[in-house]
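Take a look at the structures below.
What follows is a pair of complexes built around chain A, which joins chain B in one and chain C in the other.
Right, the complex of A and B next:
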């Protein structure tokens, strides 16, 4: 076949920085790099786990009650010097969180309750500690026995108001939905909540059920685009405070976060490629030169000076496992992991402490560049961020979003040559 | 081929078992968001696939409601090709149930488009007549609320033929067709220019000729000669209606013809993202057309092509000021190409042009989907979210690379909607004056 002019030309798609992975960490890295003025490509196979787990921003939910987050983190870093937080440091964790917060101005800001963890109700009727919460969930931190009415909907399987209410010693009510024959999804309901007439019907119906309750708890689907408008309108109608309760995936509050990042990044001129799977990295010695993206039947290459790998863990596709071992499929970096398959899990699954497999991940130096078990640097222009990092138990620590935000921010600063 | 495509067997057609039921796809599906008649990609794709058996009748009569936007594929971290599963199931369902004449009519416009164009004043009059539309709905089940697109009095092919002869005349008088400003590197004489093939698509040929005109003009200003390989409908309307046989027939005509152009040393560009996505990504894997992967390697979206030129400092960026407030909507099939948003990147170089990106998931047109009586309301409801964003942005003009999106946005907002290449042309050519 004759050579065509754009063959060599295509090879020149060149960026300052390529971020691989479109979860919270990758998004945060892309934002940070863009603010520094880097020409950035962010590429992700999927939306990561933002729309699965993330409703609020956990930083370190495991801390004992009442401790200020800053103090808790300082102690934590001393106790766990290998933890990703120790590499970032308290000050930069704070900067990273501020940077995240700056993306969410009113009317949908995130906030802390007095710079400590707060307890929010869950869809299982339990309380769960978390740190930064969207304004729509603040009411949940103030629940008192008998003071809250929980609302569920017939045909919506992901939230059982009565069950939640029983656990929390309050009342629950399950409303029928007008004009729906089949089951409803959270995303469909969040859309309906933004339609005035639907919302007004719901508000009036709930008002009839209210006795002396001062609060009404909804599953977290009060609109994807204008949750505050929905919340305030309902409050006005019912004369009670309204709040959202995190529920099963997909997470509407997580999608709000994703959408906001996407909007911001595209507006700033970042090349945003969702749904593209990086099949291979092109390396030369200790340098990564580019990535190959396989979109059947075409393979496209993109080149950059620096790279951030933020591909997440097993669900995001950043780590994979066969029968014997855990591996990292894109850069083929060594994965720190239990010695053998038998050591992946505790004998007792409910042993009460974290399973060893959850600690698997990529080892890095202090600047988040990948190293092997001996501490030798593997790639000099690649930085690792997010939950793919080794030495954390984000599930038990309740530190997922905090690690994602802090390391995404730091990786981008390091990669852009601006550290400390 | 060294950097050629990955081996096909490594990409399974049905990979349902890698679905982890995480429901991320449910967060983006435009159809299940507005109607409970469609259970959403998780259930319709990998969920229902486990119950589908060869030789057994289909049980999922809602499968026809999948709009084919590919958004679910794009967000899936496990890499399940959900929309492909849906399409295969839809084809089976429609094979069993039979297709109405309406579907044949909607997917074969390439056969009668020239008649529409030839008799355009008459045809357009009929299309606007409410009585005719009422009859169309009663007999054909084409929703009467949906405005049918106007035919243009002469086709793009006719314009191109005339244009070519004019350009050649100028050449004989030794004037380059367009004066190249600045940078050297491109030939002034037409015959020595680098050739680039254009897959223009049937809709543009008969209904939106100016899009093709603008594409040709922009490429010529940038030093290319445009050639038109022999082509038929890309087949996406048929594929979208589950007619694999018909789509394959189209593909089998187009691939050898495009390949001929490619082998002679030209790349192919397209201005309709749906046609482009079809040829680039569906021909090879889904339809198993021989050598379609070679075509795919040399096929580019027009703005992707221009962005590549820019990377090589070969793009003419002598834009004049265009004081205009525009909003851009990226079609689903453009996003599914995985090339980012090149139109947005290029248009941002135009001074004076304010350009907002419309943050919405899908326009709801879905090609022929939005014409059908039983789907019209779903289509309109999906589009309502997009229209609401547009309403907030208050643009003077809306830009989108797909004819379906343009049709739907016009229908829902009544605003002027263009292809981004038309704006680029307006900013590039001295002789065109932009009018709203």
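Right, the complex of A and C next:
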């Protein structure tokens, strides 16, 4: 056999910037860099936590009630100088959020309720604080006891109307799904909802159940591409306001965000490579020169002047843990972490504070370049963005999307040489 | 509420329900009270090994004989609870042949059938074993599902007149001279208090035996030892795998349906409640069992758990009463002058029926009755019905059903069936009686769904999030010690859902 045939085929391509990771942070970084005029490749193996957890845009849900986000952030940065937000600064966080918002003009805009956190109902019938909300969820911030009818569907097992209704002292109905097989996923239902006859069937059925309710709450699957059309059409038919409620993953609203970024980036000529797992980076001294993507049996190499690592935490694959330590598998950067496995998790799940392992992550300098515990720079042309960063508790803080957007934006600006 | 019965049994482990069944077939009325669900003590927290007796052949031939005899009986009366896997006692190079020779001789003496297999023969049977092994001895070990076994005993007992109260704790007793006059108990769900009068009282509380006896001012010489176990997300071997050396930490791997159970450790404890598996024990178990099955180093674990065994210091006074060193049967009339109290504890899951027989015999003797035991002859109610994964998969291919639990294929219908037949006292009961929450997500998704279904069916209406939080907290105990590798991803997902999306 000729060994040359077995030798992986090598292709060479060169970019200004390669963004590794296709979660919200990577997408935001790619968008920002593209706007500055960088020839960008964004590469990732999956859609990250965006399509699992993100429905709305959290910035800092844990702030006390009623505080303006801007004021809350200023205080936060003073109190937690090691937090990713402190590296970005209030002004740039706001710029980053504006940049995100500019991608979502009507009919599917995101908005705040008076620049403060607002409370939205969830699939467990709890309320949860969040900041930027898509227009399809705004109604949820207005619900009152007895005024809302919650609707679930037989055969859709990730939302239970009566569960939510019982917690929120409203009514719930569970309807059979017209002309469908027994078990349905949120993705399938979001597609079906975009079919007029399907949705009209449902609307008419719900109308029969409405008594004095002025609002109808649906699980968040009202269409992938035209949610507004679905919402308005249902409202017209039923004569009640419609809103969506965040449910178990996957998240349809998260997928809408992903699709919008993807559409924009591809339209702007960004090279978009989904489903590719970066197996290794090629470094020389303190510089990163390229990445390798292994698609058996082919290894493809891409080269660039600068890189952004936005691979997320454990789910995204940015961090991994063996029995001894947490490590970063692609660039082998040092990971700031608790001393031993015994210290990763508290004895209680609801410990009253975040599990210590969530503090773990990559340390950076003020420009988001990776450093070691002593503060020495490790790679000079790599920037880190998103939840892989150390020193935040995005789940408990309710800051996931805010951190992703702000640091993705900032990393791209820094990497493009724009540091103001 | 006041109740009167002939025999009051405290403890709904294998021993307690075994006694209820035995008595019911002899026509003796009984009430059993259990403070949790069935099997919430050691009976639900063991390896599920159907001992051949091999493990004890060298050190305790009496116990080994009992195991072998009961093993044969259980295969007949409870075939649906048993997987006939056989077991291998594997000798590794560092073990040498000394123990193996003693083992073979001892098995021979107590009547445990053995077959000596060469290295190649062993590896052909079990390719996952360490290829450096020297040899293996095959014995008739098996695996047994304790929960089904207990449920079936309980059902049969109830059908023959026994009364069983779950989630009911014995809280006090009143002594009158040389007898216990009555027992106070409390329904932990509804809060109702009972006083129960019985001619005889059986303390079948396992490791809690001394807590019970304390109420009567008594004590037996007993220490507590914790044993920890791990569950892998795959079945690693066909046979039960034992290490062929004197009993020690991490020397057994028991297959069970689609998973394997790795055991165990031995740690002295002071308290019978509030114990946990430490990361150190987890590391030790992996290190030791992977010497037998190297793949364990890379295996994905889905849960860690522990059980408590009572250990006895020999009391010369009672030695003649003890049927064997395997279990302890104490007539407190003879020992302490309390005529209507019996304690039965220790032993094995495998010998539960024998323990029940001996206890019931003693009761009959005290009552002056001569009705013989029949539980070794009578099969359990569902003995011929097939269960297991293949059956479930068959059901799936024929009809479309809504699966609440994707890892264990538990359908909504199964839960609805359960709700039709059983009274719902505690949500945990549903989890015990279905495969819900037993798979690799350990209930991360399906318990929320279960609550959803219960709301849908209007079976509950309160604040279910409190239950959800309690469940997640309980689940955490089994998960925290094994969080590394892909399990950390799963953990992040759970926190992302419950603390993130649902803001609990």
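One rule holds in what follows: the second predicted complex is superposed on the first by the 407 of 420 C-alpha atoms of A that agree within 3 Å, B and C clash if a C-alpha of one lies under 4 Å from a C-alpha of the other, contacts with A are read in each partner's own complex, and residues count from 1 in each chain.
Please note the rule applied: a residue touches a chain if its C-beta (ideal position, glycine included) is under 8 Å from a C-beta of that chain, and two chains touch if they have at least 3 such contacts.
Quick caveat, the model's predicted, so the values are computed rather than measured.
Peer 1: Look at where chain B and chain C land on chain A after superposing the complexes, then choose clash or fit.
Peer 2: fit
Peer 1: State whether A:13 touches chain B only (first), chain C only (second), both chains, or neither.
Peer 2: The first partner, chain B, only.
Peer 1: Taking the superposition as given, does A:294 touch the first partner, chain B, the second, chain C, both, or neither?
Peer 2: First partner only, chain B.
Peer 1: Is A:315 in contact with chain B, with chain C, with both, or with neither (first, second, both, neither)?
Peer 2: both
Peer 1: Which partner chains sit in contact with A:89 here, chain B, chain C, both or neither? Use first/second/both/neither.
Peer 2: neither
Peer 1: Touch check for A:183: first (chain B), second (chain C), both, or neither?
Peer 2: both
Peer 1: Return first, second, both or neither, reflecting whether A:249 touches chain B, chain C, both chains, or no partner chain.
Peer 2: both
Peer 1: Contacts for A:126 in the overlay, against chain B (first) and chain C (second): which applies, first, second, both or neither?
Peer 2: A:126: touches chain C, not chain B.
Peer 1: Is A:52 contacted by the first partner chain B, the second partner chain C, both or neither?
Peer 2: Once the two structures are laid over each other on A, A:52 reaches both partners.
Peer 1: Considering only the touch criterion stated at the top, classify A:338 as touching first (chain B), second (chain C), both, or neither.
Peer 2: In the superposition, A:338 touches no partner, neither chain B nor chain C.
Peer 1: In whole Å, how close do chain B and chain C get at the C-alpha level once superposed?
Peer 2: It comes out at 6 Å between the closest C-alpha atoms.
Peer 1: Where on chain A do the contacts from chain B and from chain C line up?
Peer 2: Touching chain B in the first complex and chain C in the second, residues 49, 52, 155, 181-183, 248-249, 315 of chain A appear in both lists.
Peer 1: Which chain A residues qualify as touching chain C in the complex?
Peer 2: 49, 52-53, 55, 122-129, 152, 154-155, 157-163, 165-167, 172, 174, 181-183, 246-249, 313-315, 320-323, 341-342, 344-345, 347-350, 355, 357, 395-396, 398, 400
Peer 1: If you look only at chain B, which of its residues touch chain A in the complex?
Peer 2: Against chain A, chain B makes touches at 3-6, 8, 11, 20, 22-24, 26-29, 32-34, 36-37, 39-40, 70, 73-79, 194, 262-267, 280-281, 284-285, 292-294, 296-298, 300, 305, 308-309, 311-312, 335-341, 344-345, 348, 357, 359, 385.
Peer 1: Name, in rising order, each residue of chain A that touches chain B in their complex.
Peer 2: Within the complex, chain A contacts chain B at residues 1-6, 9-10, 12-14, 41, 45-49, 51-52, 155, 180-188, 191, 248-252, 255, 259, 262-263, 266-267, 269, 271-277, 279, 293-301, 312, 315-317.
Peer 1: Under the definition above, what is the set of chain C residues touching chain A in their complex?
Peer 2: These residues of chain C touch chain A: 276, 279, 283, 400-404, 412, 445, 448-449, 451-453, 455-456, 458, 461-465, 468-469, 472-473, 475-476, 480, 483-485, 488-489, 491-493, 495-504.
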